[in-house]
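If you scroll down you'll find the structure; I have some questions about it.
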Amino acid sequence: KRQGFPEVIFGEGKTPSQILDISRAILAKNENILVTRVDKEKAEIIKKELPFFTYHEIAQLLFYKTIEETVPMKGYIAIVCAGTSDMRVAEEAALTAEAFGVEVRRFYDVGVAGIHRLLANIEEIQKATVSVVIAGMEGALPSVVGGLVSHPIIAVPTSIGYGANFQGLSALLTMLNSCASGISVVNIDNGFGGAYNAVTIHRIANQQI
Amino acid sequence: KRQGFPEVIFGEGKTPSQILDISRAILAKNENILVTRVDKEKAEIIKKELPFFTYHEIAQLLFYKTIEETVPMKGYIAIVCAGTSDMRVAEEAALTAEAFGVEVRRFYDVGVAGIHRLLANIEEIQKATVSVVIAGMEGALPSVVGGLVSHPIIAVPTSIGYGANFQGLSALLTMLNSCASGISVVNIDNGFGGAYNAVTIHRIANQQI
Amino acid sequence: KRQGFPEVIFGEGKTPSQILDISRAILAKNENILVTRVDKEKAEIIKKELPFFTYHEIAQLLFYKTIEETVPMKGYIAIVCAGTSDMRVAEEAALTAEAFGVEVRRFYDVGVAGIHRLLANIEEIQKATVSVVIAGMEGALPSVVGGLVSHPIIAVPTSIGYGANFQGLSALLTMLNSCASGISVVNIDNGFGGAYNAVTIHRIANQQI
Amino acid sequence: KRQGFPEVIFGEGKTPSQILDISRAILAKNENILVTRVDKEKAEIIKKELPFFTYHEIAQLLFYKTIEETVPMKGYIAIVCAGTSDMRVAEEAALTAEAFGVEVRRFYDVGVAGIHRLLANIEEIQKATVSVVIAGMEGALPSVVGGLVSHPIIAVPTSIGYGANFQGLSALLTMLNSCASGISVVNIDNGFGGAYNAVTIHRIANQQI
Amino acid sequence: KRQGFPEVIFGEGKTPSQILDISRAILAKNENILVTRVDKEKAEIIKKELPFFTYHEIAQLLFYKTIEETVPMKGYIAIVCAGTSDMRVAEEAALTAEAFGVEVRRFYDVGVAGIHRLLANIEEIQKATVSVVIAGMEGALPSVVGGLVSHPIIAVPTSIGYGANFQGLSALLTMLNSCASGISVVNIDNGFGGAYNAVTIHRIANQQI
Amino acid sequence: KRQGFPEVIFGEGKTPSQILDISRAILAKNENILVTRVDKEKAEIIKKELPFFTYHEIAQLLFYKTIEETVPMKGYIAIVCAGTSDMRVAEEAALTAEAFGVEVRRFYDVGVAGIHRLLANIEEIQKATVSVVIAGMEGALPSVVGGLVSHPIIAVPTSIGYGANFQGLSALLTMLNSCASGISVVNIDNGFGGAYNAVTIHRIANQQI
Amino acid sequence: KRQGFPEVIFGEGKTPSQILDISRAILAKNENILVTRVDKEKAEIIKKELPFFTYHEIAQLLFYKTIEETVPMKGYIAIVCAGTSDMRVAEEAALTAEAFGVEVRRFYDVGVAGIHRLLANIEEIQKATVSVVIAGMEGALPSVVGGLVSHPIIAVPTSIGYGANFQGLSALLTMLNSCASGISVVNIDNGFGGAYNAVTIHRIANQQI
Amino acid sequence: KRQGFPEVIFGEGKTPSQILDISRAILAKNENILVTRVDKEKAEIIKKELPFFTYHEIAQLLFYKTIEETVPMKGYIAIVCAGTSDMRVAEEAALTAEAFGVEVRRFYDVGVAGIHRLLANIEEIQKATVSVVIAGMEGALPSVVGGLVSHPIIAVPTSIGYGANFQGLSALLTMLNSCASGISVVNIDNGFGGAYNAVTIHRIANQQI
């Protein structure tokens, strides 16, 4: 019933052979496969056995698309983040959404310390169905975006930073306490989860109830 | 453009006269008004001046509806919680959603320690556009609901509990770490925010993009 | 040598009679007196004995100016905060700076969830020698102001908020992790300290080295 | 008096030669030996000297059974966990219980996000004397199992997860705050302790008082 | 099937009229009733309506026994604690166990700072089926008892203490890290839970499997 | 307008080729370049391509000065720290300030456990426009310096220490709670930020308003 | 054997009648009695029954001396603290030591933000056998005193402060991380414990081994 | 004046050449030298240059004794710990005390989970001037020893343990909250500090005041 959505394997803490076993079971059901959190070394072992997988190193994802979605979706999701350091998480989100057949627009250089770059892009962001807003360090970006757009925002804190950042705790608390409405939060570095929530909402936007 | 949505005042930490001033400014714009986190004493002072407000004591909300939504929305939001102790937050969520013109269905006796009551209601929950799932203590309910339904879930941790609950921290962490997909989280006790996010999604479900 | 700066008494945890004793000792030296963190009840007891004190209830300050600064300072300090809830801290800062003979400009309705109000005021903020930027909840305001102005910013987190705010911890961490440069931070709710640092800097700006 | 129970050595932080010394002292008393938390490298060094040890790599245990329990026990302990990532801890528990001469039944694919797999096994779980329920991430499994069975549950949080999981803190707090009765908790990743408690209870069930 | 066990109501956060409603529903089923965490004021209101309840002020419990257990159990549970300050929790545990029809022996003056009093009682403690060991401050008592007896120990940390005790966190961590085996832990101040677990084990000891 | 100030690149988490790209873009604008947090290995790769960079290993900085400041500034900044262990952070601060064209005086052996060394230097410290005071372990140095000088102090906690130091948390809290006035704080190990704030203040001292 | 040392009762959390019972039991053994942490109201109830007690309101102590120490001790203990806010704890320490028959010298206005007052007193402090150094807020005083004297220092953190002080955690961590040697630490606000440790050391200094 | 006490170098975070420089400076003053926290590799480099150093690998100490103490001290210090895992810290303490010319007696197998081994040694422990009691995991040993002996106890928490031990936090809190009197605490793993405090006290015991 999930119309061509991939089966997802959480790769962290799994051995290549465990990932291969699960992948083959999914293949047998003729489903697309997305494997998250796979480092390069693991990916290479897996690709030796199942070479049709595409590996995205920066996002640490393996993907294999065997069937197309039945009905293409309209509209797009905005993936918004501040700079180069959050890109691993941002790309995990962006490629996840694309693996689920959703169009994505990336806004990757729009941190709050240079608010004008964000303002220059805000109209295109606003036209998205939903935004995934990713930020490390102080994690203030979702609050600012949330004040400027009216669609739902999935905020993803990252562990980027040091010292009193406490591995992403700072960004996490910032997002949970946002004074802008319409923001909900997923786990630190959970780009996949941010995208998955956005896809779920985007699908609703494509299905008149 | 928000088609009859109320203006919202966060009542906590505001004096009755501050709330009255802001309310009158909103009235002048002919908008509906929702005031959250107003205790009984404050509510009575405010109602003496602006008696058309309805006060919901359990949810600590004041509401005044002066205009109707232009287009009624279809479908409903599920408000799901475990027992009597989380009701303050659950009703803050339910009445907020209703104030925004959205139909709500309440599922209030479905905690994970008695999973069969949840299973008995799961079909009606699944038919909602989105669920707001509220839980204190260990906060496990969103994970279980998330595994049973496919629509987006906004998880609201509550501060109900004692000891190693640390005023809701336990439930908050549980929800952020959920192994079910499609769950995003708002601040502890933020019933308003849970509902606001759900309304934002529900509105999309009513607007083909 | 401090050219008319008041002596400051930290009123919290002191009895009225302790405050009276210290005040009289300062009076004997013919100095201005600033007492911080004095609640109304205490203030009234003290004013019965020393009626020349002015009490600022919202800021919880007592002030008595007996001598003028020798050389008036040029320029002003900007006190920037988001809304009504942070006003206790903002006024503690503003009145402290004024007690030290420094001109203050207040920008009190400029939170990040409504960035345009901030942008509308940014030129006047930028012309200040230094800004004291006060924020509770997610505490993102200093980052945004810091990206827009080039003078030093003293960031003051407040304990306003609830749940995962943890009595101001969230705002504190946000400010310490700011990705904008030129921001330094004082203790939660320390409006006095924020202003004192700003005054120290402002004085330098008035004294060519 | 402990009727054939092994002596247990906590291998973490001990050198192979320390473990060998202690093992030889136990052998001299003609007791079974269980060594926990031994990595592969250490195990190999030890096995060169004492080759009768069996090494269980996934559980990181060395075991040597030289004498049989005097009276075999009836009934079994259920070891319940969610998925593949918690298996190191689950196997530490299962093999510990077996080393103590207790029959174990494993239920390893029954996480709360797929509640039906748990329900499909619940009758066999319920027939156990006691369950050891192991979970990482949000740690909700013991609450759900606790609501379905009436025997004692020893809950073992694991450090599996990332971000706001804080190395198992999330699962630990969840379990301590469970709203199901009959659940007590041991340290994060303490599969041994979970099993030891269960064995102690199981032994009582085999000894009419 | 629970052979005369009471239904339990968690009284904290419930109004007297909510407790009365639930109590009447239980009465209709002809069950014993235990209400925990009821302060004196609430208890008096409830007793005006349902005067057959017995109120235990120190333990904050209401109890009504309408039917006897079908089969009386043999043996006893030891309730062990250090001094007078933990008595609220110790009595919650002791009276809960008694409400479930289990004999209890109290050992209330046996803290680790005076180890000889504990040693003087250890034989009688050892003869219990299971011990509930309650301690605040540093919470070391379960470790010492655990090293001296071979039956299962349910450790209950209390919030008694100040400063670096952090409302019971210190005792909780101590118990989770105990180097004695056979100890499992419940939430801070959860005397009810400690006893409930012990009763569950005690029942097994009375039912040959 | 920043009169010869360098552009700053935060090197941590950036690849050499990312740093090279950004550096070349800055070169094209004819600006000085400061790269912070570059380890030796990265620095060598970068220097192979852009050999005019000077690398400061202890401070982990790369610097290239292509243009001089238009107007040299008068006065100096004091960089104060306790001993050899905090030198990485102290040198990050000192070299940053120098890269911004500001004279620096170093006071590196003046910890609070040997107060007389500090007192021996205090006059020269006092003559600075502003001090950057760096301390790990208990972080008490800024409080003592703050009580002895009247200019602004930027306090930089470091992560030096072990155990209850919690990676710099101890020093951070100490500085935020300082009972001396005129102290504001930046993130743990943020020598760059400490210096940047000081430079911003120093520039004001050189520009009569 | 403790030559006239009082029996000590920890008054916090005990009822007046419990304190009276324990006091009478001690009287029967003809021992001096010290009761700590008794508020005024409780003290008055107790004094009605046992009027020979002396009550020290600021230190919250009751004391009754019925027998003299057999051998008076030589030398004194220094009680060192910063200001008026820590006086409750300082007096608890000072009066405890005196109750144990030890001479005390008080140094109460010597905080690190005004180091010269400390230096002015340091010779007299150094001549003590041992110092109890009490500090709230940043808690830096023991480090500075520890660097100046060579005898043992018992450091007592207090909960005085606000915000990032976290009820004394800041001062506690500071003291545990002191870079001066010869400092050991007791619980937050534990003036009694600080003095008790000092007395134990002082007694050794009076007993040639 | 310190009568033959060694100069101490804290080796952690210092390079071999820094340690060599400081050592040579101390040699020039003809003092004994103790270097703490030196790993084997560093020690070997240093010993190549200064071969008279003795290296204690388990304690990670380098020591060189060039002059004898003027007056040998009487009595001994007890170093008490639970088992093999805390030995690194215990030996750091024991060898430090010996380097300061104090006799040490080691009691290394006396954990609280086997209280009888402690009781078997308690008389010899009691005869010490002062005990250094070292414990990881739950850290309960100082409380039990403190209840059995009347001399001062310096408690040293270690980071030994896992999970809810939080790198020694559990043992630290236990010791700070001890209900036995006469216990003061140093930083986690600070064997040196524990011994240094004990030596300071022991010296007093040898010097009639």
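In order of appearance the chains are A, B, C, D, E, F, G and H, and numbering begins at 1 in each one.
Heads up, the rule we're going with is that a residue touches a chain if its C-beta (ideal position, glycine included) is under 8 Å from a C-beta of that chain, and two chains touch if they have at least 3 such contacts.
All values reported here derive from a predicted model rather than from experimental measurement.
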item: Joint neighbours of chain H and chain F, given as chain labels; value: G
item: Greatest separation from chain C - chain, by CA centre; value: D
item: Label of the chain whose CA centroid is most distant from the centroid of chain H; value: B
item: Which listed pair, B-D, B-E or E-H, duplicates the contacts of F-H in over half of its pairs; value: B-E
item: Averaged-CA centre spacing for the pair chain F and chain B, given as whole angstrom; value: 48
item: CA centroid of chain G to CA centroid of chain H, Å; value: 26
item: Length of the line joining the C-alpha centres of chain C and chain E, rounded to whole Å; value: 51
item: Rounded Å distance, chain D centre to chain H centre (Cα mean); value: 36
item: Residues of chain H whose C-beta touches two or more other chains; value: 163-165, 169, 172, 176-177, 181, 187
item: Contacting chain pairs - touch in the sense defined above; value: A-B, A-C, A-D, A-F, B-C, B-D, B-E, C-F, C-G, D-E, D-H, E-G, E-H, F-G, F-H, G-H
item: Complex contacts: residues of chain H adjacent to chain E; value: 82, 111-115, 119, 137-140, 143-144, 146-148, 161, 163-166, 169-171, 173-181
item: Touch list for chain D against partner chain H, complex; value: 12-14, 18, 157, 159, 167-169, 172, 187-190
item: Chain F-touching residues of chain A, taken from the complex the two chains share; value: 84-85, 160, 162-165
item: Residues on chain D engaged by chain E in the complex (per definition of touch); value: 1-2, 8, 74-75, 129-130, 150-152, 154, 172, 176-177, 181-188, 193, 196-197, 200-201, 204-209
